[in-house]
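Below: one structure, written as structure tokens.
Each chain gets a letter, A, B, C and D, in the order it is written, and its residues are counted from 1.
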Amino acid sequence: MNHFGKLFSVSIFGESHGESVGVVIDGCPAGMPLAVEDFVKDTERRKGGTQKGVTPRQEEDLPLFKSGVFNGKTTGAPLTLLFENKNTRSGDYEKQRAVPRPGHADFVANKKFAGFEDYRGGGHFSGRLTLCLVAIGVVAKKIARDLTIHADIISIAGERDLEKGLQKGIDAKDSVGGIVECTVSGLPLGLGEPFFDSVESLLSHAVFAIPAVRGIEFGTGFEAANMFGSAHNDAIVNKEGGTASNHAGGIVGGITNGNELKFRIAIKPTSSTPQEQQTLNWETNQVESFAVRGRHDLCIALRVPPVLEAVTAMVLVDLLLREQKIKRIF
Amino acid sequence: MNHFGKLFSVSIFGESHGESVGVVIDGCPAGMPLAVEDFVKDTERRKGGTQKGVTPRQEEDLPLFKSGVFNGKTTGAPLTLLFENKNTRSGDYEKQRAVPRPGHADFVANKKFAGFEDYRGGGHFSGRLTLCLVAIGVVAKKIARDLTIHADIISIAGERDLEKGLQKGIDAKDSVGGIVECTVSGLPLGLGEPFFDSVESLLSHAVFAIPAVRGIEFGTGFEAANMFGSAHNDAIVNKEGGTASNHAGGIVGGITNGNELKFRIAIKPTSSTPQEQQTLNWETNQVESFAVRGRHDLCIALRVPPVLEAVTAMVLVDLLLREQKIKRIF
Amino acid sequence: MNHFGKLFSVSIFGESHGESVGVVIDGCPAGMPLAVEDFVKDTERRKGGTQKGVTPRQEEDLPLFKSGVFNGKTTGAPLTLLFENKNTRSGDYEKQRAVPRPGHADFVANKKFAGFEDYRGGGHFSGRLTLCLVAIGVVAKKIARDLTIHADIISIAGERDLEKGLQKGIDAKDSVGGIVECTVSGLPLGLGEPFFDSVESLLSHAVFAIPAVRGIEFGTGFEAANMFGSAHNDAIVNKEGGTASNHAGGIVGGITNGNELKFRIAIKPTSSTPQEQQTLNWETNQVESFAVRGRHDLCIALRVPPVLEAVTAMVLVDLLLREQKIKRIF
Amino acid sequence: MNHFGKLFSVSIFGESHGESVGVVIDGCPAGMPLAVEDFVKDTERRKGGTQKGVTPRQEEDLPLFKSGVFNGKTTGAPLTLLFENKNTRSGDYEKQRAVPRPGHADFVANKKFAGFEDYRGGGHFSGRLTLCLVAIGVVAKKIARDLTIHADIISIAGERDLEKGLQKGIDAKDSVGGIVECTVSGLPLGLGEPFFDSVESLLSHAVFAIPAVRGIEFGTGFEAANMFGSAHNDAIVNKEGGTASNHAGGIVGGITNGNELKFRIAIKPTSSTPQEQQTLNWETNQVESFAVRGRHDLCIALRVPPVLEAVTAMVLVDLLLREQKIKRIF
């Protein structure tokens, strides 16, 4: 199901080379100003800017408001945002069909949907759907106006110097991955529930909806496994729950503790690499070499920050509504 | 909400020093033999065995069947398993109440529930609730009889030699963390949905219900961020989707690809360490030193494997039911 | 939330005089042929035909496929159907705004959404949204191809002779209500769950999403309250569960019993009546008389049968999927 | 699934002649006083008093608190209430097994669960489970302290004079049905959502979880189908939404309008009637006559009022939480 959220509830849809991608957002507070211009910044950020390592496919990625906005404000009814697909070249895909690209969903989609999947450009599995996530984020960040949500790439190809990381990929004529970190300040203490609706549970659920994510860690994360307890524990130092350190990343027992929320995700290298790859040809039933041609990102991690902010905001708005920290009227 | 699952749906409840902990499991196929003996092995494993580094609290952790079993078999109606709490010493907690333990949920629970929380032994936030998860796992593993689900500790305190890792903690008079890896074989291709119900989304959601988990990574995980695409991609080599390598950990596009599912989680060092700690005393409003006394685990990672297997089995049974790979009658 | 269903899951959206209404359907089996022509019959039926008592607003109510269909077949990804609003006259509504129409949602919408609601033509509360329900039904009925689902008006204005009932309204220059009955044959035994997911629970939940429904009854329904048990009980007469009578309407203990499913709903008279009405004017704070002008149905019950079939089919497809009586590939 | 509710979420379980029945309630505000004594009144009312027409099975139906209460108050963690089954006589059921009782779930349960169901006394389908509903209601009514929820029998066997209705059954040596009406005052305007989460949708969903309910109608209900629009519409007469009449039963467009909520349900005659019945004997494959022996209600409608209040309160608490009309701390 492409559906998420209890009180701030979203459904995404669409295909890369179909007519459109889009989202229905249910539970948006009424009375919030919303204009197409609000979407410019994050949809532009999602394109990865003019950096090297980003595909030149540059559609005008702005939403059509299909429902839920009236006189420039949200109505409280479901908000539907549609993005039309204009700049597509599907011809290429037809002839490649028998050659499932390694790292892509071509093979599993074909099996799961018995050959009825829209295979053009990854179809419904395409990264283009992250545009819907970004759009959700624009809305959610406006709703959660007291929060500061910020995601940033902190390494590429293992390098803290991002230019150097990208150059590694360029030199090797190969794609590269990266690490993205997200921090949120302004969160109230007490969001989340013990066990199945812990903040980590909900955030990780949403984060793994982003294609190419391979891991998530909160606070000190995997490094915590190597620390002593006395070093890892964050000493509480004031009545608001402020802590001397923040190894917990702002979550204890699944609940926000009033400190900065901090977590990181690992993005794999783009599956479409300029390098020659091996895969099975369904028709010949032979493993053969092939090379991906066309427009592709050297490093998709570059596009991830606004997407990560988006799903984070989406989860937090739902939790803020549950805890009555956000009103139903904006 | 302490509720998870769509077709195999569970609700856990209870407190560490209250009367009981337990679980209601709804959606269990009818006709499956189920006996108290089925729970012995995993509830014993959860105790961490006789290894050093494990608390001596050793209750007889076996469930009472309160509903859903008749003539030794599941009926198809909700299955309720109750574990009574017998071996508790609550007296200690009363006097410590004004001193929230760092790393524990004492502080957030107190704020979130306005002082009405059961604070004895962590109350509802206690690791004792993982007994409910283990019980779910016993049931789920029986249902998913074609799967082999296995979790193992792969490092403690940064050491692959586990004895050495534990000794590090003993020498330092401190608690230590660890890494646990889970592998599943026998999975059909095609479980999971693109985006919000990806296998990673659902597994990570469930995994972060386990206390002390700080991170999760699938396949090569965080290391993927440092790899080239050509190295990371798994070449498809046969019609069943078999791949030459398994960097993806058995999931592509959020969908199982027929290979072995593999992921790892990071467990922080036990929050209760023998070392002296700093925290705020609510009554005096002073930061003060205190030391945790009583029975505690040096390394809770030792207890995690059956819990991790359990939540994994729980998620997979739900997905197998959705995809009609498991029947409603056992 | 405008969301319903577990495995066959729908989200509807839109406003009467906004840009569009539509629906996202998630969980539709892959490989099912679907064409715009499939929607003609039921969207025409929803218009109420050329009968007297039906508003002349006759848009070309056919869906645009925005996602989920490829090469004329469903892909298994979310299916998005959009209906554009063309034939609208909003000017009238602006000046009537201070005069909430009795029986309509004008007043509650204004209060609930603090004045931000799209008030034109009932906005999101409009009967136009039933077009989305009908579209869901077209899809669901195709999926549930082994079922015969049929809804019919059985009385208007208390008259079994429908012409006579309508004439009563025409003579009185007033709107009238009616009773619609739905029967389903071909259902397997065993759908539904005891208690909260009983077939009656799920059907009534969906049925009350249809505007103007005031009651629902299964089998003998309210009349059952006046019967003796020996008369009401349906004697089981064969191994398939066939019964001598069908007072239960095909459901016992919340579960389908293999007999014909039968239930009825009450539709109130159209709120917009040609008669003069009393209501509060918000601006003057005076109760005043007003008359509804414009295009309106004398008897909306005439339009209900395809809508009722639709929500019935929607619920049954979800249950059939849960019980694995419908495959995930068409 | 035996699960209901979004923010006030319940799971019921148990069997008539098993060890227990019970409920887990998740989402109960913290800090609410709760004692066993709170349950006496409604569990007594559920027994139907000492009236004729009520079975003499009179267990001490009081809950054991298994979790979620500490120092006499709710903690905010899941609240588990268990009712032990003491006064059961199962021997009778074994020999009757091959003879599914008409009107009961014996037959469908056997087919749905392939013979693994607990068939003693109706097992999980038993009316004994309504004790769990009543318990939910005790909690929900305490939470919704500003509401007055009242259900009453308004007719038995078609008679407004209830004694006369019961006597009809006694004279005929047969069971009888009845109509129960529920009214709620004190509700804020604005609960519910258009379409799938309309107040009628959620209430009817919950109401049909009560065994023996055959119909539900809001306001004038089925009678509305016979009225003219001008007569049915409720004129709005003040700024709070007060109406001159209340044919809508307090709900317009699926939303509470600030007036009294009013609806009625039809209860079928008890399936277990003293009269001889026809049914199939599975073993002989012959239709045969049989008579139900043992303790049974002449008129189960007598027991329904507290159950109806309970599910009503449950639904309203969930909606009040969604609309932030009830706080998370009591």
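The rule is simple: a residue touches a chain if its C-beta (ideal position, glycine included) is under 8 Å from a C-beta of that chain, and two chains touch if they have at least 3 such contacts.
Please read all numbers here as calculations on a predicted model, not as lab measurements.
A.B. asks: Weigh A-D against B-D on C-beta contact pairs and write down the one with more.
C.D. replies: If we tally the contacting C-beta pairs, B-D comes out ahead.
A.B. asks: Which chain's centre, taken as the mean of its Cα atoms, is farthest from the centre of chain D?
C.D. replies: The chain lying farthest from chain D is A.
A.B. asks: Same interface as A-C shows up in which of B-D, C-D or B-C, over half of contact pairs matched?
C.D. replies: Answer for A-C: the repeating interface is B-D.
A.B. asks: Rounded to the nearest whole Å, what is the centre-to-centre distance of chain A and chain D, using the mean of the C-alpha atoms as each centre?
C.D. replies: Each chain reduced to its C-alpha mean, chain A and chain D end up 44 Å apart.
A.B. asks: Can you check how far apart chain A and chain B are, centre to centre, with Cα atoms defining each centre and the answer in Å?
C.D. replies: 26
A.B. asks: Using mean C-alpha positions as chain centres, tell me how far chain B is from chain D in Å, no decimals.
C.D. replies: Between these chains, centre-to-centre, one finds 37 Å.
A.B. asks: Taking each residue of chain A in turn, which ones touch at least two of the other chains?
C.D. replies: Residues 1-3, 12, 77, 112, 124, 194 of chain A each touch two or more of the other chains.
A.B. asks: Please give the residue numbers of chain C that touch chain D in the complex, ascending.
C.D. replies: Spelled out, the residues of chain C in touch with chain D are 1-4, 12, 100, 102-105, 107-109, 111-112, 124-125, 129, 155, 157-158, 169, 172, 174-179, 189-190, 193-198, 200-202, 204-209, 211, 213-239, 241, 243-244, 248-249, 252-257, 266-273, 275-280, 282, 285, 287, 301.
A.B. asks: Considering the complex alone, what residue numbers of chain D touch chain B?
C.D. replies: Listed in rising order, the residues are 1-3, 9, 11-15, 18-22, 24, 26-27, 30-31, 64-68, 70, 73-80, 82, 112-118, 123-124, 329.
A.B. asks: Any idea which chain C residues touch chain B in the complex?
C.D. replies: So the residues of chain C in touch with chain B come to 6-7, 77, 194, 322-324, 327-328.
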